[in-house]
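For reference, the structures are reproduced in the following blocks.
Paired with chain B in one complex and with chain C in the other, chain A is shared by the two complexes that follow.
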Partner chain A sequence: MAAAANGPRRPPLHRPSQGSASASRRCGGPGAALPLPSAAAGAAMASYTKAAQQWATFARAWYLLDAKMQPPGKIAAATVMRLEGRHKPIYHALSDCGDHVVIINTRHIAFSGNKWEQKVYSSHTGYPGGFKQVTATQLHLKDPTAIVKLTVYRMLPKNLQRRTMMQRLHLFPDDVIPEDIQNNLLQEIPQPRVVPRRLDEYTPEEIAAFPKVWIPPKDFRRR
Partner chain B sequence: PAAMATRLLLAASRRLLAGAGAGAGARPGLRFRMLSPPEKKRWLRAYLEQQRSEQPNWDYHAEIQAFSHRLHENFSLDLLKTAFVNSCYIESEEARRRELGLDEGSVALNLQDNSKLAEQGMSFSRAYLLRCFEGAYPDLPAKGVEALVDFLTSQELVSYVAQNLSIQDLTLCKEFPVPPDVLQRTFFAVIGALLDSSGPEKTGIFVRDFFIPQLIGKDLFEIWEVVNPMGLLVEELTKRNISSPEPRITRQLGVSTVLPLYFVGLYCDKKIIAEGPGETLLAAEEEAARVALRKLYGYTENRRPWDYSKPKQGLAAEKAISSN
Partner chain C sequence: MVLLSAPRWLRSRLTDRFWRVQEVLKYARHFRGRKNRCYSLAIRSVRRAFVKSTKARREKKRFLRALWITRIEAASLEHGLKYPSFISNLLKSQVELNRKMIADLAIYEPKTFKSLAALAQRRRQEGFLAALGDGKEPEGIFSRIVHHC
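Moving on to the complex of A and B:
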C-alpha cells in the first residue's frame, strides 16, 4: 500500500470526503467497488499468466473502515458486503470468497436520534432470573466493540458461514492496530456517512464569508 | 477373414462364459440379461477398437474421394493415395508377402513412399507459418517466432488435428492405433500432395485454417519457454533505447498471512510499463516482466484476433523459391 509506505497510514480523521476520495483514487478508476480491478475484471483487461491471474482473483483482501462518527448500521452494511464477498464478480455463497474487514475507532460510533438511551440490548444467562437488559450506552461503556459486533453479526446471513465471516472481522476500539494486521491492509472502505463539521472547525474567514439572511441593526434588542 | 475370426472368437468366449456361469451355480440365462449395456460392451471393445479399414463397408477409393471433398479441396487422387502410404506399411506388406511364400516379383509393391511429400509439406508449412507470424508480430524476436512454429508443427498438435480430420482411418501403417509421429508425417504428406495438386496459395489457406486456430486461448509464454524474462526485457528495452525498468510494489495484500499477494509495477523513467501479480515479491516481479514483454511484442490478450478474411499476399514467389 503506497500510503503505508510513506508515513501516516490514512488521511486525517475529520475529512471523510478526502478519505473517500483517496480511497477511490487508490482503487484506480471507475471500478471502485472492486478491490483489484485488473485482476478480478477478467483476463481480457491484462495479459497475465493464467496461474498469476487465478491467484490474484481468489486472493483474500483486507479492508480498513474508520467508524468515527459513523452510524453502526451503515458501518455494518458496508462490512457485511465485504465479508460475504458480494462485491466481487466471482461471488457465490458457497465459494468462501469473503474478505477481511478491520474496523477502527468503534468507541467513537454515533447513533442517530436518542438511540444511546432508548436502544436496549437484551440477553439471558440461561439461569432463572438471568434476563439482562442494558441500554446501548451501558453496553458501549462496558465493551466499546460490542455494538458494532452485534450489529454485524445480526446483519450477516443466518447460516453456518456466519461464524467464519465473524472470525474475519477485526474490531478495534481506537486507532491502534497490531503491526501485522496493519501490514496486511489493502484499501480503505469509504465512510458511509459524511461527517458534518462542528462550528469550531470552521475558520473565522469561512464564517465571515458565509451569507447572512439579515444583519440586525446595532440597537436591536434580543430578549 | 479377420472379421470372421473375431466373430468365432466372440461366439467361443460367450460359450465359455456360459459354462463358467453354470459351473458357479448362477443362472446363466439371467446372468447376461442382468448385465447393463456398458458391461456387455467390455468384450465387444476388442471388435469396436479395430481399424475402420478392417471393419465392413470399406471402400478405400471412395473414402479418399470423400476426404478430398470434405476438405473442399481438389486433390489429385494418386498423389493423395501416395501421401497415405507409409514406409513401415510397405515393409510390413512385403514381409507378409514373403512369408506367404510369393516369388520376389510379386513381393515388391508398386507403391511409393510418402517421405518426400512429407518433407515438402513440412517445409512449406514451416515457411508459411514463419512468414505469417513475422508479418503479424513484427516485434517478436526470431526465437519467439520459431517457438510458435515449433509448437504448431509439434507431434501432439499435428496428430490431434490429423485425428480429428480422420487421417488415422485412411493411413496405411504397420501399427494400430496409428502412432502420433506417423500421423504427423502423413498429415504433412497430405499438405505436400495438396501443394503439388492445387498450388501454394490454396495450400497456404489450408495450413492457415487448420493450424492458426490452435493458438486460440494460448498465452505466448505457455508456448515459448523463457527462463529469465527480466533479462530478456532489459535487452529489449536497451534495443529500443528505453532506460532499464525499476520495480516498485503497487499494491500488497495479506503480507503476514500464508496467502499473500503482491502487485509489482515496472517503471521506466517514472512511467509505468507493466504491472503483474504474484505470490511473492520475486514471482510478482517476474510476472510484471512477462506482462511487459507481452506488451512489447504485441501478443496481449486484447490484441486483434487473427484475420482470416484475405489470403496472404506475396506467397507465390517465395514459395517457388523455397520449394526448389
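Moving on to the complex of A and C:
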C-alpha cells in the first residue's frame, strides 16, 4: 500500500507470502545443540545440497523502509529488529544474521508533540567549552539523516556488533536511491504508523457525506 | 660413608612431573598470554575458569530459554501473532510443548509451526467470542478442555 501511494518513481517490491521465507530456514544457529533435520522434510528440500541450504538460510537480505510522515522512534524499532536478525527463527547474537535496511525519505520524518522544538541533541567536541546542544530542528536542517541515524544507533544493543550493524544501515534523505542498492532490495517493511489523510486529500463528496454533530442555522454568528 | 649415602640414592623422586603439568596446561592452551604456557600462572587461571564454568551452568539455562523465546517470537511474528498470545493460546489449547521444542519446530518444521500458529490464532478468536459474544454463539471447538484420566 505504501509503495503504490508513493507514485511512479518507486516500483512496488516483491512481497513473498507469509511463511515461505521460513521454508528455506532449515539449519540451526552456531554450534547450538539442535536436532538433526527430520527425514520427512518436503520434497523441495531434497533437491538442495546441505551447503546450498545453509547458504540460502544465512543469506543477508535487503529491506526497504519509507520514513515519510513516520515517527523516528518507531522507524528505528523496526530497523533494529531487522539489523539484529531478531525477525529470523535462526537468530543468535553471535551468528551475524542481521540484514541490510535502506531507509528513504528521512527528511520527511514526523516527530509527535513539540519535539521538533524541545528535543535536544547534545555532544562534546572534547575541547574545553566544546559542549554543544542543538534542537532537533537545527540538527535536521544541518543533516537530514542524523536524527534517524542517532535513534537507530542508540536503540541497537551496546556491544561490538553495533558498529557492524550500523554499516548495514543505509539512509537516504529523499526518494533517490543509488542503482546498485535498488537492485539489491528484496522486500519493503510496512510502515509502523498509519498516516492519516489531510483535509485537502478528501474529496468534496466525502466531506459532504461525513456525519455532522450539529448543523448551524443560516443566521448563526459566533460572538 | 657408603652406609649413609645409600638411602639418599634410593629416595623417591617425582618422575611424572611432565604429565601432571600437562594435565593442567591442556585446559589453558586457548588462553591469552603467558598463562597458556607457564604452570604457576596457568594453574590460577584454570582454577578460575573451572569455577566460572560451574557457576555458568545455571546461567546457561536462563540464556537458552531467552534464546528460544526470541526465536519463537520471530517465527510467530512471521505468522502474524505476537509471542505472549501465541504461548498463552497454545497452553489454553492444551498443547504442552516447551519452548525448546517449539523453537526447534520453528526452525526445522515450518509447516508444523504454521499449523501451531493457526491453532493459537483460532483459539484466540474463540476466546474473544466467548468473552464478547453475549453467549449466543456456539462454544468454540479448540476451547474444549480434554481430561486425560
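In the analysis below, the second predicted complex is superposed on the first by the 171 of 223 C-alpha atoms of A that agree within 3 Å, B and C clash if a C-alpha of one lies under 4 Å from a C-alpha of the other, contacts with A are read in each partner's own complex, and residues count from 1 in each chain.
Just so we're on the same page, a contact is a pair of C-beta atoms (placed from the backbone, for glycine too) under 8 Å apart; a residue touches a chain by one contact, two chains touch by 3 or more.
Source: prediction; values computed, not measured.
Contact with chain B, but none with chain C, is seen for A:184 once the two complexes are overlaid on the shared chain.
In the overlay built on the shared chain, the residue A:86 is in contact with chain C alone; chain B does not reach it. Shared-chain residue A:47: touches chain B; no touch with chain C.
When the shared chain is aligned, chain B comes close enough to touch A:55, but chain C does not. In the superposition on chain A, chain A positions 38 are in contact with chain B in one complex as well as with chain C in the other.
Partner chain A is touched in their complex by these residues of chain C: 67, 70-75, 77-80, 103-104, 106-111, 113-114.
Residues of chain A that touch chain C in their complex: 18-19, 21-23, 25-28, 32, 34-35, 37-38, 41-42, 86-92. For chain A in complex with chain B, the touching residues are 1-2, 5, 36, 38-39, 43-50, 52-53, 55-56, 59-62, 180-181, 183-184, 186. Those residues of chain B that touch chain A in the shared complex are 219, 221-222, 249-257, 259, 261, 263, 275-279, 283, 287, 290-291, 294-295, 299-302.
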